[in-house]
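Here come two complexes built around subunit A, the first alongside subunit B, the second alongside subunit C.
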Partner chain A sequence: MADVSLRSVSKRFGKVSAITELSIDIADGEFVVLLGPTGAGKSTTLRLIAGLEKPDQGTVFIGGQDMTTSAPSQRDVSFVFQQYSLYPHLSVRDNLAFPLKSPAHDLNAVQINARVEYVAQLVQIDHKLDNRSTALSGGEMQRVAIGRALVRDPAIFLMDEPLSSLDAKLRGDLRVELKRIQTELGATLLYVTHDQIEAMTMADRIGILNDGQLVQLGTPREIYENPLNIHVAARLGQPTINLLPVQAIAGIKAPDLASIMGIRTEHLDVMDTQTTGTSGAPDAIGRDLPQSDASALDTVAKLDRVEFLGDQNRLHLSIGEHRLVTLGDGDIEYRVQPGSTLHVRARNALYFDEAGNRV
Partner chain B sequence: MAQAKSSILERSADKAAALTPARMSRSIKGLSDRAVAWWFIAPTIILLLAINIFPLIWAVKLSFTNYKANRLNAVVKDVGLRNYERILTDPDIWLAMQATAHFVFWTIFLQTLIGFALAYLIDRKFRGHAFWTTIILIPMMLSPAVVGNFWRFLYQPQIGLFNYIVTFFTGAEPSSFQMLGSVDLAPWAIVIVDTWMWTPYVMLICLAGLRSIPDYIYEAAEVDRASNWRRFWSITLPMALPFIMLAVLFRGIENFKMFDMVTLLTGGGPGSTTEVASITLKREAFEKWRTGYSSAFAIILFVAVFGLANIYVKALNRVKQR
Partner chain C sequence: MSSNAAHSVVEPSNTSKSVASILVVLYALITMIPLFWIVITGFKSPPDSISYPPKIVFEPTLEGYCNLFTTRSRQTREYVAALGPPEGICEEITRKRQMVIVGKSNYWPRFQNSLIIAFGSTILAVFLGTLTAYGFSRFKVPLADDLLFFILSTRMMPPIAVAVPIYLMYRKLGLSDTALGMILLYTAVNVSLAVWLLKGFMDEIPREYEEAAMIDGYTRLQSFWKVVLPQATTGIAATAIFCLIFAWNEYAFAVLLTSGSAQTAPPFIPTIIGEGGLDWPAVAAGTTIFVVPILVFTILLRKQLLRGITFGAVRK
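Moving on to the complex of A and B:
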């Protein structure tokens, strides 16, 4: 295991600038998750570390050594590819054993086999060990790909959306399992995902990439509670944060430079206007209602739609032409109908300036 | 074989019927989809029967007689299996089979080796690789008649370029050896020409095989720290193997019935050193006019090629499924 640093690395593909001036330090034994929209350069970042792409500028350090121009085989990384990249002509067993047969390992057949079976069990593919790797479902292939990375003990694990095609239950199992393995081995791991739960639960730190740039890097809590700009704020949160132009709504008291207000769904409280009126004591519909902080937003909204999700409801509201989403209890639809008017009030709002930066 | 063909046809008729859009089948009144499909493939079937299947059956029939095509009025006697017996015990026939085996083995060996090596180099995508690919393909595009005559000149002991090139490298007198006239060298002379002409073809098929291996497989192998050598043996070669085997099959079948190049270069000589099976067959059939006898020989060759090819295709499928 080793620490990994990128120093102002840039990579272009023809006219497309995939990565611009990216610097990141990943400590030894740290679990870093990269989040970002599609095309942000997440895969490219992993490939630069693995040595599958050569940076146009900048330096790549692995274990303190300058590896910028080293071949992938010299870097001792293991990679779970986004498109699996299994060896199609080999069985699952041979796929898993492939990295171990490198002379860098010097293991005998018995040791290799023991290691392969252990890993196969870990990723729950041991019943298919003798299948051809092309005779597998997408989720099974993905598990083999993860297994092929885990058989080794590399300087850093690079995983590109490794759980994306698994069902919810297996994904949950493997998420816990991966985190456990990482902690146990003290492994350095750089992980790409679109899944918020994976990012929040597994990461020591989350890095938000956008347009080839690292926008913010911090603990999950920092990223969630203290986003540096609108883009970061919109990355995390299910449903995504509500964004309202400050001027658009009468009665909003916002800081001077703020032009956009962001309210996380759990910070948007709704009250029934029928029973309370606009000024009465709040009669909570969704859940217990804490006192609002100086009522940054305190107005009336129309309920457009209720989405029943089982444990909770999503309420789609509109204030004039602006749409908002908030959460309510599972049985809220018995109390209010679409089309009715509700009172909404925000807590802990985040404010952004014209350019989208926090104020 | 006739039976196999017709079952393939039947299956394609069914398939065609299944693929016919409902709208179309309804507009052809009074005919079921299947019947329509049969009408569409009938011309092909009739043509096949007339020029392939019928002569084949006729040849089988003739192979049991002493028929001679140049004596139409002679009495044709049924001789049973005598023709087959005589062929299988005829030492000349076995010599011809040996010459054929030698020719087939060495051409396949050399063409696969050189063809794959060239494909491997071309696949590196060095500068100007498209240009070199075109250059390499030229021999394959020439007519065998041109190639045969052209090499006859090259092999000329006095004025031929080939002998001079050999001289340049070995120092032997150019006229001290005759590629086409010497018993020892003539079989190799033919192997060289066939290799020169058909290696590009094998290269093309191998190149298709190499290009079919996606880059990301190599990337995974690189990350897994496989050496170049191991990448070649455990990825490149096994993944290209079905293509290589296909090339071997095509060249094998083709060279088993090799006729044109041998006729043009040596005509089977000197003596009968380069007399491959098809030349013997032609001599028996159209010089000695032993039609019944040569029919039997043709059937034996056909069964041999067909059987070998079938075994081989089974092996090929196993490799592909691995």
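Moving on to the complex of A and C:
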């Protein structure tokens, strides 16, 4: 394992700029997740580190060494592709052994076999070692693909949306498993995804990429609580952060430059104006949070629609012409009907200027 | 399938299936008639082979095969009678016609030429085609589309149009009537087909496999050898059959450029002369034997051939 650094790396494909002046340091043993929409340059970043693409400018350091022009085989990295890419003509065992049989390693059959068996147990595929790699389910294939990366002890593991083609249940299971394996091995790992749950649950640090630029890098909590701009704020949180012009709620004391405010769903209290709770105050039907908050902003909203999700409801509200989505209790539809008027209180809003940067 | 099985709307009914089957079998039988005729003619005696109306029922003889492999000379009745007992069936048949075997014919050397030239050019064309197709499939080749069109355009010319320049060129280079010359010529013609066919197959192999192999510590050439080639075997087999069939059957260039030592079987077979014209049973026997290698090769690789023919139309 080793640390990996990119120094102002840029890469263009024809007229399209995939990566612009990207710099990032990944510490030894760290799990970094790159999060961003399609075309943000996530995969290109991985491929630049792996040596599958050559940067137009900038430097790639692996373990302190300049590897910018080295061939992929010399870089001592391992890669998990989105589409598994198991060698279809080989068995599971041979797939796992393939990296160990390369000219880069000088291992005998006994050593290779021991290593393969160990990794197969780690990714829980040891019962299918002699199957053809094409005769596996999607989840099993991805386990083998991860196993093939783990079988070596590379400088860094690079994973390109490894779980995105799996169904939700399996994705959840493998997510937990992958984090467990990474902790167990103390592996350095750069992981690319567009799934915010994967990013939040696995990452030591998250890097938010947009249009080929690293917008913000920090712990999941830093990114969530202190986003640098609207783009970052909208990447994390479900439902996504509600963005409103500051004028939408009358009487708020916004900073001077603020033109847009972002209110996360947990900062939006929804109360029924018709019914009152036992305390005499309006009955909270959204998240029940402290009522006395100096920064709170009160306004009236109309309930357009309720989406029933089982343990919770998604409330679609409108304040004037602006639409908001927030969460409500699971039994809310017994208390209020779509079309009724609700009392909304927003706290801890995030303010952004016209360019979208945090104020 | 039982009649009460659930039918999808796109599945043809049993009636149309049987009609289609009968039509296909009939068509297959009709196309087999010339082949059938060649095979039976090989077992006819020369008079039977040219009798009118044509004979379907006849007394089979190996005379055609004997004549194919031997040269004979006519002798007097007394000379033949004075000979010792005949050795082998061919001598016996020959003597009945008052002839004796004086040597071997050129059929077997010509057949060997065909084998060497056809397989040699196929191996060369497939080898070059595989590397070229891989290059076009994986690398940014400047003017790739134009180059590919240029490669294909070499096949658009009918052989007769380029025959004279090639003939003159070969005479200057000393390649006329040499196996090497014919191998190079057939390779040149086949390589365009090989490149185009194989490029399609190469494009279908995801490049992630090589990328994975290269990251796993292999060079590009090693990845090509260990990962790409095993997956391209279907395409390579199909391409090899197409190239082999062309080189094996080629007639026009063979007639023009070979006459003696490098002559292949196709221009040789029609020149088998018997008494009073063409020796049809011998010609038919030569043709029958000539079909065998390609038949064996095709049967061995028929799955790949089918995939090669329907390539592009059917996805896995």
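Rule of thumb we're sticking to: the second predicted complex is superposed on the first by the 335 of 359 C-alpha atoms of A that agree within 3 Å, B and C clash if a C-alpha of one lies under 4 Å from a C-alpha of the other, contacts with A are read in each partner's own complex, and residues count from 1 in each chain.
As a convention for this text, contacts are C-beta pairs under 8 Å (C-beta built on N, C-alpha and C of every residue); 3 or more make two chains touch, one makes a residue touch a chain.
The structure presented is a predicted model; accordingly, all values stated were derived computationally and were not measured.
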Subunit B and subunit C placed together on subunit A: clash or fit? clash
| query | In the superposed arrangement, which partner chain does A:79 touch: subunit B (first), subunit C (second), both, or neither? | reply | both
Check the residue A:247 against both partner chains and state whether it touches subunit B (first), subunit C (second), both, or neither. neither
- [ ] Could you tell me if A:132 is touching subunit B, subunit C, both of them or neither one (first, second, both, neither)?
- [x] first
- Task: Classify the contacts of A:87 with the two partner chains as first (subunit B alone), second (subunit C alone), both, or neither.
- Result: both
Between subunit B (first) and subunit C (second), which does A:102 come into contact with in this model arrangement: first, second, both, or neither? both
Which partner does A:23 contact after superposing on A: first (subunit B), second (subunit C), both, neither?
neither
After superposition on chain A, the subunit A residues reached by both subunit B and subunit C are 50-52, 71-73, 77-79, 81, 83, 85, 87-89, 98-99, 102-104, 148
Subunit B contacts subunit A in the complex at 216-217, 219-227, 230, 234-235, 238-239, 321-322
In the complex, subunit A touches subunit B at residues 50-52, 71-73, 76-79, 81, 83, 85-89, 98-99, 101-104, 132, 148
Given the complex, residues on subunit C that touch subunit A span 206, 208-209, 211-219, 222, 227, 230-231
Subunit C partner, complex, touching residues on subunit A are 50-52, 71-73, 75, 77-79, 81, 83, 85, 87-89, 98-99, 102-105, 148, 152
